[in-house]
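Two complexes are shown next, each including chain A; its partner changes from chain B in the first to chain C in the second.
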Partner chain A sequence: MDAILPVLLFVVIAAAVSVGLVVFAELVGPKRHGAVKEMPYESGMDPIHDTRRRFDVRFHLVAITFLVFDVELLFLYPWAVASRSAAGIDAAVADGFVSSRGLVFMAAMVFTAFVIVGFAYDWKKGVFRWR
Partner chain B sequence: MNALLPSPATIAALVKIGLLIGGLMTAAAYLVLVERWMAAWVQDRKGPNRVGIPLTKIRLFGLGQPLADGLKIILKEDFTPKHVDKVLYNAAPLLILATSLAIFAAIPFGSVLPPLGIPGLPDPVPFLVAPSLDVGVLWVFALSSITVYSVLLGGWASNNKYGFLGGLRSSAQLVAYEIPLGLGLLGVVLAAGSLRLDVIMSAQAQSGVWYVFAQPLGFIVFLVAAFAEAARLPFDLPEAEQELVGGYHTEYSGIKLLLFLVAEFLHMVTASFLIVIMFLGGWHFWGLTGAGDEVTWAGALIRFGVLSAKIFAVILFFMLVRWSWPRFRFDQLMNLAWKVMLPLGLANLVTVATIEEFRPQLVAALGAGPAKWLAIAAPWAVFFIGWIAAGLLTPSGTDNRPIRAHDPFDIEHELSGA
Partner chain C sequence: MTTSLETFKLLAPEIALVVAALVALLGAAFAGLRSGWLVALIGIAAAMGLAGGLPAAGTSIISGPITIDGFSGYIRWTVLVAGGILALVQGGDLFRSAVVRGSGLSRGGTCEEAGTFLILLAGLSLVGIANDLVLLFIGLELISVPTYILLALKRTDARGQEASLKYFFLSLVASAVFLYAATCFYGLGGSTSLAAIGDALRSSDPRLTGMAVVLLPVAVGMAMAGAAFRMAAVPMHFYAPDVYEGTSPGNAAVLSTLPKVAGIVVLARVLGLAIQPLGIAGEIGPAAQIHLSFLWHLAAILAAITMTVGNVMALVQTNLRRLLACSSIAHAGYLLVGIAVAAAAAATRAERPFDGAAAADTMWTIGLGGMSATLLYIATYVVATAGVFAALAYLGHVWPEWSSGSGPRPPREEITDVDDLNGLSSTNPVAAFSLALFLLSLAGIPPLPGFWGKLTLATAALEVDWTSPVTFGSRRAWFVALAIILVLNAAIAAAYYLRIIAAMYFRSTKKGVQADGGLAAGVGMLVCLVLVLMITVQPKRLFTPAMRAGAAASNVLTAADEPAAADEARLVHSD
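Right after this comes the complex of A and B.
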């Protein structure tokens, strides 16, 4: 709780500052409406059609690839922190949870190798080719 | 103690939050002025130098400009067009400013104060709002990912084609560059053994080797990704004025536009903080600041000054790049992220992991001095090899027309390896 309280305070105050600014400006600013003013801005032309249409999202594959890579990287964070800190891998080796430090390092490197193989496969398949 | 009174730790947190928010908002306003001066200097003109004290002839080099601009934009009409999705339209700017401020809960803005001796307050007091938050960097990254949502929300809720395209571009770009950003970070976390930014800074201070020297490749990858995440030129595709008017904030006006613009500036400031803290040694400078946790008042001030000076220098670099580089095309942008930065980031990760793992053996075999120099030389070798490889593998600059596939909608055909 001690760790998270300042963060919560900060979030609340930051939100309050943003809302306060908008509300204040809403109160002091003028309000004028007009038919032309309320049209979508399209460089002075009449809008051709609604924006809410089906749209071919080209980066669908890229988004999926991102998800995979990001999750794979997330798996490496605990290892990165544990490999050097006092209560990390060395303590686990001393307590007998892990047989040796080298084994953990090998596991991490094999994992990274899998990531690289997957990356090379994606590249070969043309996932990163932006059209 | 009275149960209704907040504890000294809470009061200290509130004071720090107040100082940070006030400082950041002021800094954002005045950095706009600095940026305009920089633009004027690059373009060989004078820039804003007129606004001073009202009703007098005192000009003060234009230092009144941010105040006048802020006042003006607050008093402007905050117009909500008829065709927008009201809830999301209003939520997007609030979300983006609140998150880009709250990021600073985990970012230290100095070292520590000398012991104050106030009962109930742990000594020494760090320049950090949430000092015991162990996931520091993850908080920063989580909140900066939420930015994508507000940009996409703003673009979609505007129901405007420019806004929609800007939002789409922005999400593709931020998503693509988050992986190089994470890879650059991972090397630093490996070397420092902690996700806390203050620990990362003191690790660099104690060894005296900033991570920019120990991990040059990681620095470059992180720097480029940070530029892209802050959507600064040459990566400002989401709001390319010449193509998309304003991108995702085309339909915004008045105070909500201001919130978007301030948040964008804060992203640049955040990126500078991260670059300085993670790679440029934070508050440390050789022979000037010392390295330990024991500081005098003068020492605390010097550390704060060194950190601020470095951050200001990085911000100036951001601005100089903005006014001297042309914008990328979108396929170039995506290629840079996936085909250059990601492999380089992986190379950096493997190099750093290997060196950090075998450092004790190196020290035992060679002695402390040579082992240290070898641990610096090896990443530089990888850096130059990676640089040359990236240069050789990318096509030459003469023909950089976009590659037109047979049928842009036929993804199956593409995947079958045509």
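Right after this comes the complex of A and C.
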């Protein structure tokens, strides 16, 4: 019970906050109705239209460029934490999962190089020029 | 299980492929490189050289998450050879564009295509050597994601768009389904390492058995579904005709060969979980027996349906690429026969463990065994199919510029219908002869490679449990029935392959065939022709590696003339 108490508390607080905010908005928020107000919100576009519509390619470019940095952070954070913590890379080397610290460093550098290649490719192809 | 520098050295061919991909992609962006497929061919040649320098088949090395043994070596070589041929097919105008600069013949975007194709090859090669669920999944995604890009780059009309989107969404679903299977296996084995999962599965821990009764059919079924999508087997086959028709011949060649190899490897790895490693005595636990039994029942049923559906669908097609798509579905069925046989043979071995000379008659069979037959079949299939598509690409037209320029796109002049091949024997006898030979090989006419593939599959099916009588519902009866269905299907298949050959040789046409698809595609066709003739003349050169590879995958002693039986497992330690 002690082990899952924080999780339980977290779930309860999360539920309370989200329900509370909706109820609070319902109580104090202004109430105006109309066709436009009741439309589902989709980044300012008309949500119901033909799916074969032309679409600005810059949306996709931004999304993919974001992914480059997002994935980079996703992997570099655990690596950074593990290289400073006693239970991290040192423990892995001691347990024989990895042969040396240098190998992990090399792997992280190779990974970063791949991400930089993607970034450089984007740059050269003119993704960052907002035409 | 140690990840060391040695692990990276063993990955040298894959690293070479990725480096070549980076050269192609960055060269296009920074140096205006136009002949990407030349870079691809050089990269594949370098990878072949590096793969040749690795320890030979017969040794087995487990290093971290990878395994180098006869099986992964066979897959790697199949991938590299197929990759070389497919690069020639894809880069049809590669020689002209390399020599004549700015002649208008060199298309933009070839470097991007070549780069993504090289990454695809590296992913497939990784799937072959993966010994870990995570690496296996990453390898499969390294195949899928470049495939989406290749398909999307070759869209020029609504059909091409439909093809790329259809493949994208279905492949996503298939990946998710396979991931679900991976989580089930992880839950059962408590590790991502396939070796550790296998050890857990084969133990007779009663708690695990209780869980396995519920989870294993789910896991095996999901893994089968994920593999079935990649192999284009029933029930995940329906995308194949639309996608092959909508894209270029080169892409259709990639789709009909490389993902099939990946599907076979996935099934071989799933099957390998329940097989005791060589040299370890003792029976497998009830969980592993459930695994094997479920796997062979499922594979046998799907094989029978897939073969029949593919062949019957192909009979009514007039569009050549739809016909080849249906034929590739049928071949997925033949391959599944081999997987079913391998699983059933393993189940038989588990029931009656080896006990000397008395058992020698019942278990060590004269044929190749299911897994080896599958691997032999996939190699013959890949060479013949790549050859057919190379011929179609060569006879067609160079694919128009992919970039969305403002000018009008040149029309696609492709060989689309069977009737387009009318009278080919007089207008282009070399292409007609090669195409006829590839189609006869796919149909399984002796002594062409496809015949050896079908023969070994059928004999392997007949050898399952062959000392027991054929009674209704017995394992032997299942596989006798499967062998009969296989042979009947080969007969049905001959009908539509011969229809194409008849069009080429016995009909006449007024318009000539342009054969404007580029010299490289023609060279790819000739390479396939040489390979087919080599296997026809000396089938043993393919039999021996296939036998070794199958033995390595299913841990069976073989009667191979070389000392594959004395496989010594070597564990690489850190330096």
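Quick note on the criterion: the second predicted complex is superposed on the first by the 71 of 131 C-alpha atoms of A that agree within 3 Å, B and C clash if a C-alpha of one lies under 4 Å from a C-alpha of the other, contacts with A are read in each partner's own complex, and residues count from 1 in each chain.
In this text, contacts are C-beta pairs under 8 Å (C-beta built on N, C-alpha and C of every residue); 3 or more make two chains touch, one makes a residue touch a chain.
Since this is a predicted model, take the numbers as computed values, not measurements.
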| item | value |
| --- | --- |
| Touching partner for A:R54 - first (chain B), second (chain C), both, neither | neither |
| Contacts of A:F97 with chain B and chain C, given as first, second, both or neither | second |
| A:V117 touches, of chain B and chain C: first, second, both or neither? | second |
| Chain B versus chain C as contact partner of A:K125, first or second or both or neither | both |
| Contacts of A:L5 with chain B and chain C, given as first, second, both or neither | first |
| Chain A residues touched by each partner, larger count belonging to chain B or chain C | B |
| Common interface residues of chain A - those touching chain B in one complex and chain C in the other | 124-125 |
| Chain A contact footprint on chain C (complex, rising order) | 1-5, 22, 25-26, 29-30, 574-575 |
| Chain A residues touching chain C - in the complex, by the definition given at the top | 96-100, 103, 117, 120-121, 124-125 |
| Residue numbers on chain B that touch chain A, as the complex places them | 9-10, 13-14, 16-17, 21, 25, 74-79, 81-83, 90, 93-94, 97-99, 101-102, 104-106, 129-134, 138-139, 158-164, 168, 172, 175-176, 178-179, 182-183, 186, 189-195, 245, 250-251, 254-256, 258-259, 330-331, 334-335, 338-339, 342-343, 346, 349-350, 353, 356-357, 402-405, 408-409, 411, 414-415, 417 |
| Contact set on chain A toward chain B in their complex | 2-7, 9-11, 13-15, 17-19, 21-22, 24-26, 28-32, 37-43, 47, 50-52, 55-59, 61-63, 65-66, 69-70, 73, 76-77, 80-81, 83-85, 88, 101, 105, 108-109, 112, 115-116, 119, 123-131 |
